[in-house]
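The next block holds one structure in the form of structure tokens; read it before the comments.
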Amino acid sequence: MDISARSMLLCLDDYEVTARELLNKAAYEYIASGAADEKTLKANRAAFDEIEILPQVLVDVSSIDTSRTIFGRKHDYPILLAPTGYHRLFHERGEIESVYGANRSNTTLIASTFSTVSFEAMQRASAAPLWFQLYMQRDRGFTRELVRRVTEAGCEAICLTVDLAVNSPRDRELRAGFELPAGMVRENLIDMGRETASAAHSGGVGMLYNQVRAPNVTWKDVEWLRDELTIPLLLKGVLRPEDAETARQLGCDGVIVSNHGGRALDGVPSTMSMLPKIADKVGGSLALFLDGGIRRGTDVFAALAMGADAVMVGRSYLYALAVDGAEGIERMMAILKTEFEMAMGLAGCTALSTIERAMLQMRPAR
Amino acid sequence: MDISARSMLLCLDDYEVTARELLNKAAYEYIASGAADEKTLKANRAAFDEIEILPQVLVDVSSIDTSRTIFGRKHDYPILLAPTGYHRLFHERGEIESVYGANRSNTTLIASTFSTVSFEAMQRASAAPLWFQLYMQRDRGFTRELVRRVTEAGCEAICLTVDLAVNSPRDRELRAGFELPAGMVRENLIDMGRETASAAHSGGVGMLYNQVRAPNVTWKDVEWLRDELTIPLLLKGVLRPEDAETARQLGCDGVIVSNHGGRALDGVPSTMSMLPKIADKVGGSLALFLDGGIRRGTDVFAALAMGADAVMVGRSYLYALAVDGAEGIERMMAILKTEFEMAMGLAGCTALSTIERAMLQMRPAR
Amino acid sequence: MDISARSMLLCLDDYEVTARELLNKAAYEYIASGAADEKTLKANRAAFDEIEILPQVLVDVSSIDTSRTIFGRKHDYPILLAPTGYHRLFHERGEIESVYGANRSNTTLIASTFSTVSFEAMQRASAAPLWFQLYMQRDRGFTRELVRRVTEAGCEAICLTVDLAVNSPRDRELRAGFELPAGMVRENLIDMGRETASAAHSGGVGMLYNQVRAPNVTWKDVEWLRDELTIPLLLKGVLRPEDAETARQLGCDGVIVSNHGGRALDGVPSTMSMLPKIADKVGGSLALFLDGGIRRGTDVFAALAMGADAVMVGRSYLYALAVDGAEGIERMMAILKTEFEMAMGLAGCTALSTIERAMLQMRPAR
Amino acid sequence: MDISARSMLLCLDDYEVTARELLNKAAYEYIASGAADEKTLKANRAAFDEIEILPQVLVDVSSIDTSRTIFGRKHDYPILLAPTGYHRLFHERGEIESVYGANRSNTTLIASTFSTVSFEAMQRASAAPLWFQLYMQRDRGFTRELVRRVTEAGCEAICLTVDLAVNSPRDRELRAGFELPAGMVRENLIDMGRETASAAHSGGVGMLYNQVRAPNVTWKDVEWLRDELTIPLLLKGVLRPEDAETARQLGCDGVIVSNHGGRALDGVPSTMSMLPKIADKVGGSLALFLDGGIRRGTDVFAALAMGADAVMVGRSYLYALAVDGAEGIERMMAILKTEFEMAMGLAGCTALSTIERAMLQMRPAR
């Protein structure tokens, strides 16, 4: 990518626009789309538009500290890269390139069960520990082995996805004919057989259950997994405060307030509308993360003010990966970080701990 | 219809788009249009967009039971086919093809007084009992005879329409020049004479009263009809809780919360906004149905959570009939059923009885 | 106008669409436009969209009485024709043709001070008494003489306009270059001199005061006028309940809740939002009228339910006049009347007195 | 500009449309754009659309007094020209022409630190005293000297900007390639060196701090400045009532409720939504001003009713400057003033003191 084109990438949405031009339609739609009518996809973004920040003036902001320690390791910014699948669709080196991008921006990447490069290879390529997103399989023995492998490879935390027990209607994805090209497989599932490992994961008419995601995962499995693990366990996909509370009681280390980026059940609430209720219930005793719709530094600010310890960015780094590889991810993250610092500086905050819910107000209804 | 075109029909709205291309304008407008400015037509859909489902995670959903017993007969899904008129406009075999579609999808069809095939012929063609939608005529003797005929033919229940005592302004229909083609008649009304039976039913400027729908039907007539019948009686077109309560007191068996799909009085509330109020009044003692705007599995879920025992789908199956006959209806219903199962599975419900109003919340106002 | 084109005029908005094609731009813009950003113009319409009618079913509506007695004379429908200016712009016979249209539809027309035919000529042409809309002039003697003339000619009531003490910013009108063509004058003002009588009445940059409308009219003038008159006096352009109450105390006979069709101060509330507050204050003791945004029978129904004794239609009959002369007005009114009857019949009302506020509810906020 | 083109400039927005045609893209975008997604830019305007004015009728408005005394000097209208930068981009004589425009319309202009003509030259050209907008520099000595210079030159008041401690994301401006052309410098900063004085002031990716605006300004600096000054001190960019209260306690003379026209932190509340809260806190004891989104006379009316002593207009006079120089500013102001008088007259107000909050109501939510 030439320098002048790169210099015109000024905000996260610019990466989407450019990626749309570069990617084939199926790959673009895979990233961009949500389930069904995309009500939740839009609600995630709309929720940020409804929040106003009330800035404090005449604070000395000549030094701003954006760092946060998570599970004992200091992160420069309260921003992580959410688990997403099939990176080889977006860059020839796939998840390896994403690891490079994460490293260059000093950001923690959460590897997906559905990566097109094995977790071990990703962790080997990485200068920093990765996290791993886990779909539990019907064969719990397979899951146990998978978890053992990634832990051994150096994984720092496990994020168990709990919001996709059955398939969801992915109309746009199906319409675009999304499927894995020949030669691309979900490397972490290769022991299930090549066919299973390479099957496109979206359902179709009448396809309720998914081959590689168990529909019968319950809190008992969480307890079992918790006992298996030597590293932190997070639940990804929690929207109800009661479920966050149960996670806390069962000894989980964190919760990711998520609706799968609007790709699971369409019509569920935006993550930002549920975050404060979950924070009121378990904030302080569980690490709290939010994903879904983060596009601006002010979004990061709002999520932290509502009680998140950190946020996760998903689609934006895939677009950046497609546009400019590791360098794309680095610049995309630099934009977001600078915007976040601007939000802190202009709101009169010099450390994450000073970002409080009282600085927000809901926009007056129209 | 070739297989690849069929495989691109992924949601109910796809059938509308395709039907619009295939049908002549008058026939399409007859299905699609509502009265006047279509405020109520839009409100029916918008009401679903305002409802959020709060999903429960980590429930074992490896088995989901979607069945419900209605008037003593088990229905696989809480979804019925609403009464609609003039099917021969949409398929050469008319209502007979619709019966085939209903049978193939194991769904109960409600035949209309304004069918272009007689109820007897429909019931003969059907492997399962049909219901019958009744417009009461000025000549109550005619109505008594009609009801006797359909009951004798095997009809399982009568739905008396009560929301169209006079005509409504059907501008779009009139603009498109909708009328019955030569040779097509309302077969159930043939004894009224060929002219009456084939007259287009919409009014025009100054046409307040309708030839074949009595404007003087009152609760007395409901009592009379109730006494005439040996099968269940439902009132179709109730929006006020007080009217549902009167129906209950007079011994009706069910109420269909309906605004005639936005085709009667424009400006009345959406059915979904009135359903919970009606359920609070008569839920449990009357069978409750809702129609108007059902397009997604999550819509079915929301209606049940708000108190409906089952929902009715109207326009969507006419589009499917036009696009692909009985096979169209079968696939359209398969899509809706799968989506409904996905909604249940992703929300953590394994039986209809577990779908509760507490799982819903209203979307935050913009 | 040929019969088939006429038969495609199905609702009031159709007359606007057709008039727009037929009229020169300045004339069309004069009718259609509001002041400034047209916030109030749009609010008038939007207010109706926010009101829902809750219909009562199973009422015998085989006979519907839409009549109302106003100032001792029975009106078939609670609908009048609002005062509007310059009819010769829209039809070669001008206000005479409007009188014919009003007579054909058995509707009371309110003549404007700014008519292009004198009130006396209008009243002579009319089979029924007219009302007269009055702008008070700086020269109160002129006003006294004007009022005397119209009363003598047979005028039934005087509507004093009180919402246009100074000019308003009529950007669209000015942009379209609206002015009276040569030879067209405000005949009622001819005694002020030809130049004054033919000057376009809209202001421009820096033109705060109007030549023929006094800026110093106060409640004292209302008392004076009240004493001068032998016929009913109404105030037109009242939005505040307190002002309606003062009108009552000073012996006015009626109030027209109006914002000059959004042509006076832009940003004032819709008439429908203020009507119920005014009805609560003075309803029953003053005749209450509403104009602004009436386009459908359900709008008339809603206004009556909110407390109006009758409504006034303005722009729609000018469009009808332009499209089809007296016959246009007759058909336009027939459409509106039938729609109103449909609204009554479908809502379960058989007389105006049964239209109550309890039948309305506000649409749920989005 | 020829007279007929000028006569078609009927409202403030017309100047924007015309300026957009005349200016190069970078210059236009510099004026028009806000930060990031422009949520606050839009909110400023939207807030006015949500406010309704309830007009009082039958008041004698044949004489309307729009004057207000501010810091001892009588202003004909409660409208000032907000500080804006780089006028030579819009007119060859730059700020000198703006001064002429301000003088012709008898309006006070607030000169910007970022003017392309020195304050001294501006004040020399002006028939009336100017105000000066101040960015505090890292080098407080420079600031002291700057303040001394402008005071000596005749400046009447100092407005210290407090809402831009760090840069904001100015995507549109960066995208348009905005920078100062060769030969154009910020004359007031020339002593910092030519390079600094001519550097475009917007940031870019990673550019958090600004070369010429100090990030470490605190209330201590306000106290220091207060002590330095012999003329009134206002804080510009206050949105929180608490900050306005602190300003009062520290002896400031006024507060400008502003969000930098939506150019600082995107997502902060509209100025109109915060004004009444600030007025409740400090109204009466501090001079209160509002900027952001003023385009109509009714906007001025609403701001005054909400508690502002006067408003400031920014973008509109730059458009007018670009379109027609001093004559443009004069006519633009004449339009706004007439509209304001119309608002007063039509609402029944004859002096600023009679414009009260009770005359406003919030538009009903949709």
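As written, the chain order gives the labels A, B, C and D, with residue 1 at the start of each chain.
Criterion: a contact is a pair of C-beta atoms (placed from the backbone, for glycine too) under 8 Å apart; a residue touches a chain by one contact, two chains touch by 3 or more.
Please read all numbers here as calculations on a predicted model, not as lab measurements.
Chains that touch both subunit A and subunit B are absent from this assembly. As for how the two copies subunit A and subunit D face one another, under half of their interface residue numbers coincide. With every chain reduced to the mean of its CA atoms, the largest distance from subunit C is reached by A. Rounded to whole angstrom units, the spacing between the C-alpha centres of subunit A and subunit C is 59. The distance from the centre of subunit A to the centre of subunit D, each centre being the mean of the chain's C-alpha atoms, comes to 42 Å.
Averaged Cα coordinates give subunit C a centre that lies 42 Å from the centre of subunit D.
Touching of two or more other chains is recorded for residues 365-366 of subunit D.
Interface residues of subunit B facing subunit A in the complex, by the touch rule stated above, are 8, 10-11, 49, 51-62, 64, 296-298, 302, 331, 334-335, 338-339, 341-343, 345-348, 361, 363-366. By the touch criterion given at the top, residues 36-37, 39, 43, 46-47, 50, 162-169, 171, 174-175, 203, 205-209, 214-219, 221-222, 235, 237-240, 243, 246, 264-269, 273, 365-366 of subunit D touch subunit A in their complex.
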